[in-house]
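Sending over a structure as structure tokens; questions will come in a sec.
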């Protein structure tokens, strides 16, 4: 008798935790449940990081917020799932999350054989090295025989091996499960250099005991375009995420910011009017409200704002725009036009 | 009348579905069907999901080039070797930590177990405090404590703690001089083997003589003499064909000699201390299980305390200790998988961690990893069953 | 004729009674023992006073910033633990909702108290309530969403609360499965028996961490397309399956300890298998294995720390996270010592309880 109660309880428990199976397109399912489930890192300053109250912020987080703003007109309709590097793709494949926005590198294998779609690039990155100033190393080529702290299961591990093989140098890899551990080990002097995507190096540097004692070397040994990922099989949702990101880029290009977006509504520029949903295709193509891009810019800001706020000069990371400047400002961030 | 007839007759056989044997058969058939259906359901789901995600199945990935390096490897390994080889490297590292852990945990456990029963109040209390403290703190916490709080804050290579300029300790590891075997060392090695064989024969002869004549022979001293004397003599005759390579600071790190990485040290210290506390309890309960009358009887026969412990108490205590000891060894081996928390490249960290991530072959990789631990477990429990049977036969 | 008056008894030599006698017997009975004692005393002298000084006398208890601790580096920095205390206990749970956790735990404690009162007679009923109704109440409190409570997603659960939830769920969920498996293993039906044996030996043979990996990476593959479980629930499933194998072995121990006469008597009364088990055997067996269950609970309680490897924030993970706070770098020893102390208090008191229980129950028919 007891047993049945226990079973009943466990079923009740299970039901409480399980979100029911999606029928049909994910787009409709997200609309129905009323929020976007966003897969983020377990804590990377500038990209996705929870403060001590548990609220999330960062450049990657802003992509999810933009998608929610486009979908619901409310950027706060996002729930976050912190994921380890190991779980991130499984979580997306199984439908546990709707977007994976977790500094994930776009590669052929991931795009083609894991059932994923990369919806653009929100940060152009490359793998670099960080060393202590004391070491007196100016270039990565002087690091023959050094030991490196790396995060396990990343492209970083493979790039490092390739780089040292190509330059006929030897190295010792010291692999940890999380980026936090790599930073801690580097701080303690367990390894000579920390290697990761450059953006991450800057993010990890502020976690060191003495951030000024460490320098990021100029070499970049790989291309790491980081971007939001969705599961294959729902083009509507894929499009929405893709264009949420493009809307942020286009807004910056057109000079629309969260501060002036209301004034811009009365602009004479047809490009601006199309973006803000006053003219042209509006929200129909994406299946959302006409003011979708207005909500994004109003609540999340344009790409430049998000960059400055989270990783740029207005943040502890102080990363220069560099490659991530717009195409007409010397960078390679380029969004297709909204028309 | 009809009623009478019925009562006189042999009771009718119970209906088919009321017979226990029939019920049991039906129940088991249903169970098997249920399990098969459940298994098939999972299998189909998995296949479907894998296909949907374009993940290929099978073990073909094992022959692909791995493309990443591993911190510590007992066999030759670099990034050009295959994923299959990463499995082997991880497995050997697991066996290494398990072997070392078992060795040290056994020593700590026996010493502490006996100490807890010591007549010396202070020693007994210290042993009790040790056991009760370390048994009740999670192993993972202990591993992290040793690694992050004790070993990482050690000074760097340039400020190493050094002993006699040949042994160094810093946050990159523990550096020892490594032996370099010169020409002719294999003859010394042969001498060691011969000495061991000789000692075995000597022990047999001595026991036989004691059984036949009652005369005792000082096997221990003679054995020590043979074990050390013979190889040493050969060693000097061959002109000392052994030199030591001392670790020295070259470039970024120490080079040469033997290096014990801090990940290994932290894991080993934590595993030995934690499991040692459990083994100590096993030893204590084993010794307490031997009736005090045995000791008194031995004393009454005039047997000295040391011999009593060795020949009377321990053989009987072992019967209780060994099964518990085996299960602790098993636990230690399984617990060594916590290596992944501090980056020691064991099977779980290397194969179920990095390899799984790089290939995405979750099902195959996890199955292989679990298979290894299952094999180890089953082997050890088979040994235990064999041992128990053997002990039972000796029992009278 | 003188009457013989015996001398009054001499007092025993001072060396064999009182403090000196005790010292002689227990510490200095032989040269070897003396050497041991002196060695131990030296060790204690070297370790204990500095430890006490570090942990108590020179320790920094107050202050909200690290400056206090930097000013006095020879003592422990308990201010670090104090500042982070709420997070260690509640994880990322919203501060305004802490009362829900407090209430749930307070309720559990209040419900448990009568179980330890000798005179209370309805223990079975209460235990059933704790095992069945309480989890539902607690779930409502923790997760919210109903009765006007704000919904709190599981990714915000953490700290000691999560440690307690995981171990409680593990033990409650594994008990019924463990009983079924134990009965299966002792069954006369060959297939039932072998299925149980294979299941039990499989889970006992693999490390928990691979089980957790399996739960977090492989479980989603087993489910039909589009279905998914919360990460916390996946971990719970893994832990419950793993734990049920250990529970089965504990229960089996109890079943074996019941004298054969009980089984035969139940059969002679014409009771069916389930009735004889449910009414005669299991009540006796389960009572007998309570200490064993407490022991597996202790093991599970310690093992829940492993969930940090799959990215859940239990007590240990929260402490690890706190080390990353740039304002408080370098106080890892304090954090670990604090965590160790909490785990130790829980585990040690439970093991003492189980030992006491064992002594109390040993009067029965255990052989």
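In this document, chain identifiers A, B and C correspond to the written order of the chains, with residue numbering beginning at 1 in each.
As a working rule, a contact is a pair of C-beta atoms (placed from the backbone, for glycine too) under 8 Å apart; a residue touches a chain by one contact, two chains touch by 3 or more.
This is a predicted model, so every value here is computed, not measured.
Asker: Line, ring, star, complete or other: which describes how these chains touch one another?
Answerer: Drawn as a graph, the chains make a fully connected set, so complete.
Asker: From the centre of chain B, which other chain's Cα mean sits the farthest off?
Answerer: With centres defined by C-alpha atoms, farthest from chain B sits A.
Asker: Hey, how far is the Cα centre of chain B from the one of chain C, in Å?
Answerer: Roughly 25 Å separates the two chain centres.
Asker: Between chain A and chain C, what is the separation of their C-alpha centroids in Å?
Answerer: Distance between chain centres, rounded to whole Å: 39 Å.
Asker: At what distance in angstrom does the C-alpha mean of chain B lie from that of chain A?
Answerer: That pair's centroid distance is 43 Å.
Asker: For chain B, which residues are shared contacts with two or more other chains?
Answerer: 49, 52, 148, 340-341, 356, 362
Asker: Out of chain C, which residues touch more than one other chain, so two or more?
Answerer: Only 217, 220-221, 223-225, 309, 320, 323 qualify.
Asker: List, in ascending order, every residue of chain A touching at least 2 other chains.
Answerer: Each of 86, 90, 93-94, 177, 184 in chain A touches at least two other chains.
Asker: Within their complex, state which residues of chain A touch chain B.
Answerer: Touching chain B: residues 85-86, 89-90, 93-94, 112-115, 135, 143-147, 152-154, 157-158, 160-162, 165, 171-177, 181, 184-185, 188-190, 192 of chain A.
Asker: Can you list the chain C residues touching chain A in their complex?
Answerer: 87, 92-95, 128, 131-132, 135-136, 139, 143, 153-156, 169, 172-173, 175-176, 179-180, 216-217, 220-221, 223-233, 309-311, 320-321, 323-324, 326, 329-330
Asker: Residue numbers of chain B touching chain C in their complex, please.
Answerer: 24, 27-28, 31-32, 35, 42, 45-46, 48-50, 52, 118-123, 126, 132-133, 135-142, 144-145, 148-149, 334-335, 337-338, 340-341, 348, 352, 356, 362-363, 366, 369-370, 373-374, 376-378
Asker: Once bound in the complex, which stretches of chain B touch chain A?
Answerer: 49, 52-56, 67-71, 79-80, 148, 152-153, 156, 171-172, 250-253, 255, 262-263, 340-341, 343, 345, 349, 353-354, 356-358, 360, 362
Asker: Where on chain A does chain C make contact in their complex?
Answerer: Contacts found on chain A: 2-3, 5-7, 9-10, 12-14, 16-19, 21-23, 42-43, 50, 52-54, 79-84, 86-87, 90-91, 93-96, 177, 180, 183-184, 187, 206-209.
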